[in-house]
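So, here's a batch of structures to check.
Below, chain A partners chain B and then partners chain C, in two separate complexes.
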Partner chain A sequence: MAMSNAPAVTATASLLSALSLDGNKGPADSRQANGSALELLVSELVRTLTLATQDIKRNSEQLAPGLCSEENVEVAKVSGVLPRRSSGTNDSEGNSPAAVSGWQEVPEDNELMEQVYVKLELVGFRVGRRLAERFAPPNRRLVDTLDIVKFVCKDIWMILFNRQVDNLKTNHRGIYVLQDNKFKWFLRMSGNNGGAAAARRAQPYIWLPCGVIRGILNSFGVNAVVIAETLGLPQCTFQIKVISDD
Partner chain B sequence: MSATYYFAIVGTNDSPLYEAEFGVQRDESKYLNQFVVHAALDLVDDAQFMSNACYLKTVDRYNDWNVSAYVAPSNTRLMLLHEAKADEAIRLFFTDCHELYLKTLLNPFYESNSPIQSQTFDAKVNTLAKKHLL
Partner chain C sequence: MKLHCIAILNRQDSPVYLRNFDTPSDDVKYHSLAYTSCDVIEERMASSKSNDLFLGLLQTVEELSVYGYVLNTGVRIILVLSVPESMVRSSSVREMFQQIHAAYIAMVCNPFNEELDGLSNAKFESIISELSRIHSETK
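What follows is the complex of A and B.
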C-alpha cells in the first residue's frame, strides 16, 4: 500500500481550544499542534501494531506450538523475545523478508487481524472517552442519542479531520449511518491493484475511528456497536447500532 | 463564624473520587458531610432531567447546609456542601474544578472512576477554593 506522505503540502496547524486554567494566554502563546500529526501517527500505529501482533503470535507458537495461551504470550514478553522483527535468523516461517523490507500487504491471517482489530479499537475507545469529556459543549448536556451522534458528526469530526461528516442517516430506532465521502486518512492512499483490493487494505485504518465513536457514545452513557466499511477509497461509512437495555 | 465547605467529586458508580474540606471544620460533622452528599445524589439525578445545564444550583438542604451540584458530561458529579448562598462564585468554582478534572482525565494513566490522589490536584483545588469561596 503506497502511502505518499507529503507532510508539507497541507500542514494545517490546529489550535487546541485553551482551557482557561492555562492562565488565559492569548492566541500567540497557545500551544499549537500540526494538523497532519494525527494522520502520520495513525499510519505508523496500524503498521506497528500489526507487526507486533504478528511477532507475538509467531513467538508464542514457537514456544509452545499449537498453544497460544495468555501465559505463553506473557513468557514471550518477559523473556525479551518481542518485538524483534529485524532479526531474520530466528524466524521459522520465513516471513522476515517482508518484515525487513517494509509492510506491503495486509497479512492474510484472519485471527491476527482480529487481534489487531481488538487492539486498535480499544485504543480508539480510550481516546474517544477523553475526547468526549474534553470537547463536550460546556453549557448544556447532551441527553438525546441523536444529539450525541450529531455532536460526533460535527464537532468531533471537525477536531479530528477538519471537516464534517457528509451524510447522517437514522432509522430513529437506534441505527445511525455516518457517511464520509472524502475520508481524510484515505485521501493519500493508493494501491496498484484497484478498488476492491485497496479498500480491503484500508480496513485497519478505520478501526481506530470506530473505537473513537464507541468511546464517545460510551462516555455519554450510550452503549453501541460501531462497524465501519469502505466501498471504495476515499469513501467510508460508519454504522452505529445502539444496544438498548430492554 | 467562618464559612466552611465540603467538596466532593463523585464518579459514575456513586463512589467519591476526591474529597476536600475548606475553611474551619467542626469535628463532629466530618462523617455527616459524606452522608448528606450521598443522600443528595438522588436529588441530583432528579434535577438532571429537569434542566439541560451543567450547573444545577442548590439541589438539597439539610438543616442549615445547602448542597449544590455540577454535572459533567460524563455523569461525574461535583458536589459542594455549603452554608452561605453564593451561586455565581460557586458556579465559577465548579467550572474551574471541572477543568482540573478534565486535565486529570487526559492523563493516559488515569483510570476512569479511580480515586484522584495527585498532590498537585489537591493544591490546585485548594487555590481555587481560596480564590472563589473563602
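What follows is the complex of A and C.
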C-alpha cells in the first residue's frame, strides 16, 4: 500500500467509521427512499420493457423475411406459423400507433408478453439477490425455509411496500402462499373494464415481485418457483413452490 | 494483534476473495487454511444453537488464530490473526467482522458488479487495507 500522507489517512479512517450494519445503526442514521418513487419507477419499467420488446420483435420479423422469399412469408403468416404484425392498424410509415402515441393496452400477443415476463422476472431476481444481502438480519440467523419466507413476508414487504403480507399459508411440504389484499402497486389502478380485464392488464406488475421473491430465496440457498395471480384488484397472491433446499 | 489474512468464501465453499497481508508466497498457506476452516465452520453451524453470525475462534495453527463469521446468505468470512500473549477481546474481532460485512454489502449492492461472486472493487480493497493498517499498529 502506498505511503499515506495525513489527509489520506483521515479519509480512509472515515471510510471505516461510515460502515455499520443495520442492527447497530440508530434511527437517525438509517436512510430511506420514497415508496412512491419505486411505484413510479416500476410502472415506467413495465411500459418501457414492453415497448422495447415489441420493437425487438418487430425488427426481428423484418429481418426474417429477408431470409426467405416473400411469398413463403405471406403463406406462413396466413397459415399462422409466423405471428402477424402486432395488433392495431398501421399508419403510412408502417409504424403501429401504439409505438407512437404510447402504450394503451396490454398487447394481445402472448409470445410478446412471455418475453416481457422473462425480462421483468430476471430484473426482479437480480434485485432480490441484492435485497437479501442488504437486509438479511445481521444479528440473528435464519434457520429454515419457513424463517426465510417469514422474512420475505415481514421485512421485505415492509421495505418495498411499507406493509406486511396479510396471510401466509403453507402445507409444510414446500408450498407457501402469500396473500396480499391491498397490494400497493394495485391501489392506484382503476379498471373500468371490469374485474377480469383489469386483472389481466395488471399482470406485468406482479412479475417483478415474483422475481424479487425468487432472488431472495435463491440467496439463502432455496431454489423455488414463484407464481403470482390476482383474482381482482387490489388483491394478489404469490405462490412459492420449493424445488430444493440449500 | 496483527491481521494476516482475510478470506471470503461463498456458500459452496469456493473462494470469492482472499487478501494476504504477508508475503505473496504465503498465499498457498492461507488458501489451505481457509479450506480447513470451512470444515470447522460446517461443524460449528451444525452443532451450535446460537443465533449469532460470529462463530468465534475456529482453530489455531502455530501462532495464528483463525476466526469465522457466516452471513445468513451462506457467505463465510475468515480472519487470520496473530495474537501476541493471547490478548484479544472477541468483541473487537466481532467488530472487525461487522465492518467487513458492511463493506461486503456495499460492494454487492453496487450495480456495476455484474456477478455476486468473484468480487473485487477499489473501495472494498481500500477498506480492507485500512483495517489491516489499523490492526497492525495496535499492540
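Points worth noting:
Everything below uses one rule, namely that the second predicted complex is superposed on the first by the 183 of 246 C-alpha atoms of A that agree within 3 Å, B and C clash if a C-alpha of one lies under 4 Å from a C-alpha of the other, contacts with A are read in each partner's own complex, and residues count from 1 in each chain.
Everything that follows uses one rule, which is that contacts are C-beta pairs under 8 Å (C-beta built on N, C-alpha and C of every residue); 3 or more make two chains touch, one makes a residue touch a chain.
Predicted model, so just to flag it, every value in this text is computed and none were measured.
In the superposition on chain A, A:219 contacts both chain B and chain C. With both structures placed on the common chain, the touch criterion links A:163 to neither chain B nor chain C.
Judged by the touch definition given at the top, the superposed model places A:130 against both chain B and chain C. Looking at the shared chain after the overlay, A:154 reaches neither chain B nor chain C. Of the two partner chains placed by superposition, chain B and chain C are both touched by A:141. The contact surfaces that chain B and chain C form on chain A in the two complexes overlap at residues 19-21, 129-130, 132-134, 136-142, 219-221. Put simply, chain C touches chain A in their complex at residues 11, 50-53, 71-74, 98-99, 101-106, 108-109, 116, 123, 126-127, 129-131, 133-134. Put simply, chain B touches chain A in their complex at residues 48, 52-54, 71-75, 95-96, 99-100, 102-103, 105-106, 108, 112.
Listing the residues of chain A that touch chain B in their complex gives 19-21, 126, 129-130, 132-134, 136-143, 219-221. Residue ranges on chain A touching chain C, taken from their complex, read 1, 12-13, 15-16, 19-21, 24, 129-130, 132-134, 136-142, 219-221.
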